[in-house]
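Some structures are shown below for you to check.
Two complexes follow with chain A in common, the first pairing it with chain B and the second with chain C.
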Partner chain A sequence: MPIELVANVTLAGLLTGLVYGLMALGLSVIFGVVRVVNFAHGEMMTIAMYAAVVLFAAFRLDPFVALFPVAAAFFVFGYVLQAGLINPFITRPEHTQFMLVLAVAIIMVNGLLMAFGPDARNIPVDYALDSFIVGPLLLDTVRVYAALAAVAIAGGLFLFFKFTGTGRAIRACADNYLGAKVVGLNVKKYYALTFGIGSACVGAAGCLMVLLVDVTPLLGPGYTLLAFIIVIVGGLGSMPGALLGGVLIGVSEALAGLFFSPSAKSMFSFALLILVLLFRPQGLLGKRP
Partner chain B sequence: MKALIAATPRRALVLTAVLAGVLLVLPAFANAYILSVAILILYFAYLGQAWNVMMGFCGQLSLGHSLYVGIGAYVSAALFVHFGIPPWLGIWAAVLACMAAGAAIGVLAFRFGIGGVYFALLTIAFAEFTRIGFDHLDWVGGSGGFFLPVTQREFNDVLALRGSPVMFYYVMLALTGAAFAFCTWLLRTRIGYYWQAIREDPDAAQALGINTFRYKMLAVVVSAGMSAFAGVFFAFYYNNLFPEQIFSMSRSIEIILGPIIGGTGTLFGPIVGAVVLTVLADGITELMAAFGWEVPGVKQVFYGICMLAVIVFLPNGIWPTLARRLGLERSNRGRGDGG
Partner chain C sequence: MARTHQPISAYDTLQATDVGRRRFIAGLGASAAIVSSGSLMRPAWGQATLNVGVLLPTSGTQAFIGQSCKLGADIAPSVLPGLGYGLPIRLMHADTETNVDVARSRAERLINEGAHVLVGAFDSGASAAIAQVCEQKGVPFIINIAAAPQLTEQGYKFTFRNFPTAIDLVRNGLALIGDIFRATNTVPRTAVFMHVNDTFGQAMAKGIGAILPRLDFLPFKVIETISYDPAAKDLSVEVSKAKATNADFLMFVCRLNDAILVRREMVKQRWNPMGIIGPGNPGMYEAQYYAALGKLSEYSISNVPWYNPKAPLTHAIDRAFSKAYPKEKLMFHALNVGFTVEAIMIAADAYKRAKATDGKALAEAIRQTNMSSRMMIGGPIKFNAKGQVEGIQSACIQNLNMRPTVVLPAASAQAKLVFPVPGYKKA
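Moving on to the complex of A and B:
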């Protein structure tokens, strides 16, 4: 197999992986702080993808621009979902929370199915087929831009959590629920805020992802699993970990598709998950609990 | 057994007897459609019971139970098709294979201290991994499906699991009844109490000297072995197997919806949940057809909304509330509290 081909596929996987990473970052933030298994994460991603499709069809809005209103709408949606539906369930057993979010996910997938039907949609931007040529390498323009946008958003989020008061407060809630309450933080408000931020992440990731793949309603559950795999491989609560996990999964998927068959690609992700769970359960960049 | 009967209110005994009687004579009155719905209800009640052993009794959340159903189905079907081994023999191979799979997951997870959400994800990962593996396993048809030969028969052959829907109904009824009796018994044994102790507080259970690793393993293995029977039934009732269907995550979710809606950790919960969900799903399908409103997804959206309503308004499931309303509460302990 020519080395250029392998390098090209690896690089494409890496760029896609960064968008995966942004999606997983949303999950990591929610799971790491609120400790709720957001089993509707991939479904929210597909909703964002459809939102981008609709905005493009109606206003010719480029997905890189549509990203802003979609992320804002998702922030509000996530905030309301957490404040209205999930917060009362915070102290309930894990499986009850899981079922609650799962019910939301089922409604989302099938609501999309009702609204858009099972056919695949995409966004035909006029630079869809452009590419950069770097020596022997051929890079899709959309993939490069999407990956750059994902990294920029992730960086912004990182700065937010590190350097703002609100970010610090959210990290306090994640570290110690009781302690955060004792020092007077309104934990439930910060939970809602966190769910909003995580949702905004996945909203943005959806707008980028729709440039790389065609969207169907049934993609949702697969993305949910993928996001979980990435978060666990990278390390729960570690923001660089989510990006690293995304890149690893993206590259392994791309190479598995090249060397074996595209249908076997998720098998490698699951194998990676099982290995990480067994030998480094805290994830590659996670801290030991 | 006597103590169990003595501790149960008379009303509950009478109602149970009436229910059993109705189920026994049902095929005499039901048409083919009702019978098929009844079989589906029993199938999910049985599987719910099996899943409940792991989650409801011992507190280990499995989201990959389709793995055991699929392995059970494929093992028995492959033995039958390739070697002519009849299902009443093949079923033991299927049970052993499922127990081995359960034990493998259990050892890996519990040895390395993986619990809660991580354990649940591990079960999903194994189920998905196996699904993709079977997609590429040509010996049993790969993703193109695996089919059992179907022949018209004059009589029912229970041992070969070939016959009319009525026969399958009674087979499934017997399985469900046996699973119910088995679980009732399990809950009153030392093992059952150990499991409940582990479910409520693993650390406290360990401190009391319970070998939590051994008993968690036992729960996984028992649950997996029970699920194998449902898999064998599935293979011989439907006569076709597709990895995409039988191993899929939505199958696993269908399995666990019943007991969670009915009441996790209770004995009647899985049965009530299976009735409610199956009737609801079929009722919605019929209603949609009656209105000529055949948009894909409508049924599942209703399904999701009903689920949401049960979870928000009846957080312990339907059965605990129902039992209290009907005055069927048992006077002593021995039943979980739905937690």
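Moving on to the complex of A and C:
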């Protein structure tokens, strides 16, 4: 097998994996702090993808530009969702949280079906079919741009949590709920803020993902599952872990398709998940409980 | 003097009789008016409406093609009276959601709701599930489009297919590939074969594997076979593998969404083989392929059953189609619409002869079908002992100037075949 083929496929998997990582980052942030498993994660990303499609159709807004208003809108949406709907369920049994979020996901999918119909849509930007040639490597232009944007957003988020007062407060709430309350932090407010930030990540990821795949209303559940795999592999609550998990899944899928069978891509993602659960259940970069 | 009972005179009797007769005649006239008041004169046996359940994938990965078929189903009731099938027909639609289990449950539901015959389902996997249900319930199932050979090889008594099997598609498709090379004086030596990994794709792959080695007149060998998930969102790895083979041309058994993905990926990866040839599959002649790809859709070739533009039924369907869907053009939906209308026409024809909606009677009538008036190229619609119509021909359709154009056989060609395609460059 030519080495250029392996290199091209690996690189494509890596670039896609970075966008996967951004998608999963939102889930990791939400779970890491609020301890709510967002089973509507993929569906939220699908809504973001449709938002990008609508903005392009109406205003010819490039998804890299639409990313900002969509992320802002998702921040507000996530904040309101957490404060208004999810907050009362924080202290309730986990299965009720699960049912609540699942119900929200089903409403989202059917709402999208009613609004947009079942047909696949995409964004035909001018550079959609371009590619960079670097020696023997052929790099898909949109994939490169999307991956760079994903890294930039993840980097910005990391800096926010590390160096800003709000970010430190959110980390405090995640590390010690009671302690945070004792020192006077408004934990409910920070939970809602965190959900908003996680949702903004999902919104941004959706704007990038729509450049890579065509969107249909039924896309959500598959990406929810993928996000969970990535977050569990990388480590629940670990931001670098989410990116690493995304890259691992992206590359493993690509190489599995190359060396074994394209139909077996998902099999290798799940195999990786099982290995991690067996030998490092906290995830590759997660902390032991 | 007390009045005694007077005998009724003959006149009185006659008067009474006349009144009675007048009333009778008036009643008869009223009955005749009522009976003939409908727009159609319904024979006494045809009082019942024939409920035709139409199962198609109007959502999911095959939504575009399913919706294209539905355009045909919806105009069928307006076309049939002009063909002599002025019978009460009610269509009952159900969406299979491109999912075999959903197809099965929707078929059961339609039958429970009173469907006398089912038509569908475009997809081989879904059709197989529906065929099982129909066999259990004793309800005829007329397949509009589905090629897996096993659908009419299992001995089912209630399944009928007016579409070629995968074997026939492959045989006709490969023969046309030979015609392509002869017509253009080209001798490609290698092909890479990509195929969708569902019931249909596997049946086609099996057929090609069995038939191709026996065809000495074809100069090429398949150097790699690459299968992929029909619901895949990203086919970059598959296209990379195909490009790396350095094959002369791409033989491609696909659906619609994956055809669009692969074509886009070929452009991104700068892979320009001599051509893309579908040996008997949907996708590259569909309206959405042109809409999604624009100029990139040019020169793709599909060797598929096609419609006869000169057939009277084609004209009738075209008129109804243009009236119902003024923004659409029949040529982009002809295959899907043609086979779907023909399937409903078969049901109507059988009902007309059976004079009953009973499943067994309808099935027996369908078995005796012999219809020469059809839209699709081929012999009469006549089922063999297995419930299969034989003799449906394929044509070589190339995308030229953003429309599906017959380029072979030469006698029916609308334009000159282009092969190898412009910009052809070895990888």
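Heads up, the rule we're going with is that the second predicted complex is superposed on the first by the 285 of 289 C-alpha atoms of A that agree within 3 Å, B and C clash if a C-alpha of one lies under 4 Å from a C-alpha of the other, contacts with A are read in each partner's own complex, and residues count from 1 in each chain.
The rule is short, and it goes like this: a contact is a pair of C-beta atoms (placed from the backbone, for glycine too) under 8 Å apart; a residue touches a chain by one contact, two chains touch by 3 or more.
Source: prediction; values computed, not measured.
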item: Partner chain(s) touched by A:Leu212 [first = chain B, second = chain C, both, neither]; value: second
item: First (chain B), second (chain C), both or neither touched by A:Val125; value: neither
item: Touched partner set for A:Val37, first chain B, second chain C, both or neither; value: first
item: Touching partner for A:Met114 - first (chain B), second (chain C), both, neither; value: first
item: First, second, both or neither for A:Leu284, with chain B first and chain C second; value: neither
item: Residues of chain A touched, compared between chain B and chain C (which is higher); value: B
item: Which superposed partner A:Ala73 touches (first chain B, second chain C, both, neither); value: neither
item: First (chain B), second (chain C), both or neither touched by A:Glu94; value: first
item: Which of chain B and chain C A:Ala83 touches, first, second, both or neither; value: neither
item: Shared chain A surface residues [contacts with chain B and with chain C]; value: 113, 118, 261, 263
item: Interface residues, chain B side, partner chain A - complex; value: 55, 61, 108-109, 112-114, 116-118, 120-122, 124-126, 128-129, 132-133, 135-136, 143, 249-250, 253, 257, 260, 264, 295-301, 303-305, 307-308, 311-312, 315, 339
item: Chain C residues touching chain A - in the complex, by the definition given at the top; value: 58-60, 63-64, 197, 226-229, 232-238, 240-241, 244, 257, 260-261, 264, 267-270, 288, 292, 296
item: Chain A to chain B touching residues, read off their complex; value: 37, 85, 92-96, 98-100, 102-107, 109-114, 117-118, 217, 221, 225, 228-229, 232, 261, 263-264, 266-267, 270-271, 273-274, 277-278, 281
item: Residue ranges of chain A touching chain C (in the complex, touch as defined); value: 1-2, 5, 8-9, 12-13, 16, 113, 118-120, 122, 128-131, 138, 140, 212-214, 218-219, 254, 257-258, 261-263, 265
